[in-house]
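Okay, so subunit A shows up in both of these, paired with subunit B first and subunit C after.
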Partner chain A sequence: MNIFVQSLISGILIGGVYALIGIGLTIIFGVMRVINFAHGDLLMIGMYGTYYLFTLFNIDPFVSIVITIPLMFLYGAFLQKFFINRVLGALPQNQILLTIGMGLVMSNAVMLAFTSDYKILSTTYSSSSVSILGISISSPLVISFIITAAITAALYWFLMKTNTGQAIRATAQDREAAQLMGINVKRMSIIAFGLGASLAGTAGALISPTYYIFPQVGSTFTLKAFVITVLGGMGSIVGATLGGILIGVAESLGGAYIGSGWKEVVVFVLFLLVLLFKPSGLMGKSNA
Partner chain B sequence: MNASLDNSRGNTTVNVLLGVVVIVMLFLLPKFVESTYALHIMILIFINIVMGSSWNILGGYTGQYSVGHSAYFGMGAYTTMMLMQFRQIPPWYGLWAGMLAALVIALIIGSICFRLRGPYFVLASIAVAEIFRVSALNLKDVTNGAEGILITEIPPLTIGGTVITDFASKVPFYYTGLVFVLLIILATWLVQHSKLGYFFQAIREDQDAAHSLGINLTIYKNAALGISAIFTSLAGSLYALYVGFIDPSTVLSLELSVSIVLICIIGGIGTIFGPVIGALVLVPLSEALRSNLIGESLISSGLVKAESTLGHFLTENLSHAHVLIYGVLVVVVILFMPDGVLGFFKALAAKKRKEAA
Partner chain C sequence: MKKIVLAAVALTLAVPGISRAEKVKIGFVNSITGPEAPIGENLTNGVTLALEDLKKKGIDVELIKEDDTGKPEKSMAAFEKMATRDKVAGIVGPYSSKCANAVAKLAEKYKTPLLIPVASKEEITRQHLKWTFRLSATTYDYATILLDMATTLGKPKTIAIINENTDFGTSGAKSAKDYAGKKGIRIVAEEAYAPGSPDYRSTLSKIKSKNPDLVFMVSYVADAILLMRQSREIGITPQAFLGAGAGFATVAFAKEKDISSNVFSSTQWTGDVNWPGAKDFDKRYQAKFGKEPTYHAATAYESMMIMAETAAKTGANQEKLRAALKSGQWNGIMGEVRFADYEGYTNQNKHQMLVEQIQNGVHETVYPPKYVSKKPVYPFPGWKK
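Right after this comes the complex of A and B.
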């Protein structure tokens, strides 16, 4: 019972970060109908940024997101403007291959620059834990979950209440209609990709105290992000939030009861089942 | 009209003659070329052509973009190697088992994944391949896990007591690869010119229209995947035997799946010779980077000093950069020549001809 509760709680906590990754991917997909295969690599760049901010300037990883968020936003906007934008009307296959190629460029450029050695960002609190009701939980996980929750709340507010947020949602609903209503969809696309990139980068910053940092770390997260978004329903932000937490819990419980080597298989089988039986996802519209 | 018809017929004769000449030259090549390195490159090119062409049947002709073909490649490689290593079954029987295994899993995977379309199919194909990779990592008793399988010698191939070849040099691999390439090109040609191939192409162009014309989507998509998987498995077996070592991170990786797609994209998908061009571009390029030919030639030509930071960087790191170049190539090809190198030059030639006329 104790193991169950412990795995459940740490699953939910790590799921919060997964949700952040998923929301980024789902916003990009919603606005542009492009599946970003470089999503995990954006996260990896966030991790490296955080690592070097910490080792060179001694900036705490949880503080450094203040720098990571705007920088990753600009980087995402740049990628959108000069690369993704050119294939918006192309075949979905070509869009996928373009983002795969961009991901390869990012991970291998990082490998060239910083070698493929595993890096560990160890803060004073990296291995410390807090104890709640007799259950001990890793404290970086708790801090990152709180930050995640705050960012998600801010994002919801942005998308629901501000003009730009509403314009983004309108573009996601119907690109052409939005354009007819005078929304600058190109700008919205740039903002959407920037947002997606900065969310992925932030997720990378948040997990960097608890994860190995290496150039190929992205592909695992790209796959996870797909699972999360498909699970929640492509383009649905609420769905991605729920999907992230669900995957976190599934992984954590799978790791505890089946064995840590197999936890990825649990996730992928879950993914295939969702694709087959409810491809529109938990929150998706049935005709999407 | 007549003139152009005659012209195209003349071209076909020339093409066939040219093809025969190229094939004869390829068969004679090991008699004249002593360099094992040249043979090594040729064998890698052959393996890549088989990989790319088999993906091409599914992706290029039927329009189903599988980014999980490492599953079939790994299936062939693992079946052949495991049968040889643990059951002492010679590989030329083992590779049939590998082909059968790949066909069986292809039909299972196909019956599940072909219910999905477009990006969802791509995602499902990746997920399936990842399940295979993680399983191969974890089933240590069967596959040796992350350690992989290493073979030191291959039993000699004998027919009726006479030794045909003992696989001691690269030459037998060269001929095996060449025969496989001719087989897959023949298979692609047959697909392109048969009723089956027309069904495939109809599905690629518009699957709903194809369906409404009475083409059974599930059967023909699975047929394309089956053919594709069998040949991918063959490439996997040949790779495993040639290199002599396999592990999940080489023969079952997502990177391998991507590079299989890449061979076709670079050359031009849905054409018989696209994958050939793709392999001819990619293999020498990645080998030159891997063995650091480019870095060394820059240094030996005096352009870059070996002691300088740049020289140091080139010798130390450039050998790792071949995947980076893959990435750059994909981005460039998708953005500027979406029909591949072959299509790009064809369009260029057509434009020239138009201007001249």
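Right after this comes the complex of A and C.
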């Protein structure tokens, strides 16, 4: 029983970070219909930013997101304005090639600048935990989960209640109609990509006190983000949140009850089952 | 006519013979980029020092370097290129077990001697391959030295094994299982994990519930740190944490004092061992690269020395080079080296493993008694709060 509760809790907590990665990808896809294969690399850049803010300026990783979020937003907006906007009308495979290429440039540039050494960000609380009824809960994971929840809520409010948020949603629903209504869709795309990038960067910042950092770290998370997004329904924020937590829990319980090496199998079987019975994903609306 | 042909053949054979004293062409396959790159860097540095020393001895090595990015197929491609296009005398590398295992059979096919510095999967030298040599001890020795030590220092009854599900990890876990059986230690948990996951807590809490006396881990760099961090979080307290080299032997791991203190690691080499030139190598390495060398650097150095020196004597004739490696004997920074056939192994150096323990952020040699620099701390005193 203890093992079950323990695995469930750590699954949910780590799932929160997965959700954040998934939400970023899903916003970008929703607005632009571009699958961002550089998403994991954006996360990696967030990790490096956090690492250097911590080692050079002694800024705590959880505090540093205040700096990471706007910086990553600007970086994402820059990528959108100068690269992705140019291929929005192009064939999907060209868009995929562009984002893969951007990811490669990022990871290799980082490797050139900081070598391929693993960077370990060690805070005083990196391996600390609180014990409740015999269940130990990682303190950094709890903090990052709370931050994730707060960011998700704020994002939801932004998209639902503000004018810009509504314009973004309108662009996601029908790009041409939105344009006809006087919405600057190019600008919305820039905001959307900036949001996606800053969410990925934030996830990177939140995960760095407990994980490790190296230039190729992105690829694992790109794949994970992709699974989460498809599982939850492409373009759906609630779906991505749900998908992220579901994947976190599936990995954790799979690791505890089937075997650590089978974690991924559990995730992908779950993924295939959802696609079989609900091809548009958990919260997805059929676009056809 | 025949005589002219013979003369021509003799001439072409003789010409490279004249220049061979100065230049030998050696291939070097390594993980320069990719997930194992931090360890690969040690091998590269070791080889760099070897080339300097070889130059002092009047042997000029033309090094052909290839990066396998940690992928077996790239290792194979690199080997084929070196053997056929660059026509190297012999090849040193690759780093990881999965790559070395893939390449070993190619050495046989292209009749090019391969000297594996440190990949330790047992089976690599158990396939009766005539052209593959290995300097380092095997994963079996990784497990035996640790368990020998644990049973000398205490009376462990149970063991949990956690390993990465790669060639090196699986082979290490199997060896530990075999030898634990022989020593009468019961295996209470066996967990093979896929590397790169941010969360091993479920696996570890399962292990905690079994309350093992020993926890044996086979992992590369970053996972070693992650596993120990999460072990601390979950609160696993066995008599001893045993790490099978690799990630546990790195400086990065030792520096994480909170989690690395009192962890044991098996190793092929330490900077303070009394093998000829070892201490000097340690000093020169630190002066040149600004960090402590791991055992990987030492094995790569010694492999390159052996391969280049032997090739300088035999020239580009690969059959002769193979025979010279087989019959030769060396005594350098890795102690005595001889490629022997024993217990089902072919061309395997019977290398003496050591155990180090991390005390105050530094690796100290603690076993076997002959090589000790500090006393081992056993059992594990618990986590610092």
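Things to note:
Note that in this section the second predicted complex is superposed on the first by the 280 of 288 C-alpha atoms of A that agree within 3 Å, B and C clash if a C-alpha of one lies under 4 Å from a C-alpha of the other, contacts with A are read in each partner's own complex, and residues count from 1 in each chain.
The working rule: a contact is a pair of C-beta atoms (placed from the backbone, for glycine too) under 8 Å apart; a residue touches a chain by one contact, two chains touch by 3 or more.
A quick note: this is a predicted structure, and the numbers were derived from the prediction, not measured.
Judged by the touch definition given at the top, the superposed model places A:126 against subunit C, while subunit B stays out of reach. In the superposition on chain A, contact of A:223 is made with subunit B only, not with subunit C.
In the superposed model, A:88 makes contact with neither subunit B nor subunit C.
In the superposition on chain A, contact is made by A:111 with both subunit B and subunit C. Look at A:12: by the touch rule set out above, it reaches neither subunit B nor subunit C. Looking at the shared chain after the overlay, A:264 reaches both subunit B and subunit C. In the superposition on chain A, A:214 makes contact with subunit C only, while subunit B stays out of contact range.
With both structures placed on the common chain, the touch criterion links A:97 to subunit B but leaves subunit C unconnected.
In the superposition on chain A, the residues of subunit A contacting both subunit B and subunit C are 111, 115-116, 259, 261, 264. Listing the residues of subunit C that touch subunit A in their complex gives 33-35, 37-38, 41, 162, 165, 191-194, 196-203, 205-206, 209, 221-222, 225-226, 228-230, 232-235, 252, 256, 258-259. Remark: subunit A residues 2-3, 6-7, 10-11, 14, 17, 111, 115-118, 120, 122, 126-129, 131, 136, 138, 207, 210-212, 214, 216, 220, 248, 251-253, 255-256, 259-261, 263-264 touch subunit C in the complex. Here subunit B touches subunit A in the complex through residues 65, 67, 112, 115-116, 118-120, 122-124, 126-128, 130-131, 134-135, 137-138, 254, 258, 261, 265, 317, 320-321, 323-324, 326-331, 334-335, 338, going by the rule given at the top. Listed in rising order, the residues of subunit A touching subunit B in the complex are 35, 83, 86-87, 90, 92-94, 96-98, 100-106, 108-109, 111-112, 115-116, 219, 223, 226-227, 230, 259, 261-262, 264-265, 268-269, 271-272, 275-276, 279.
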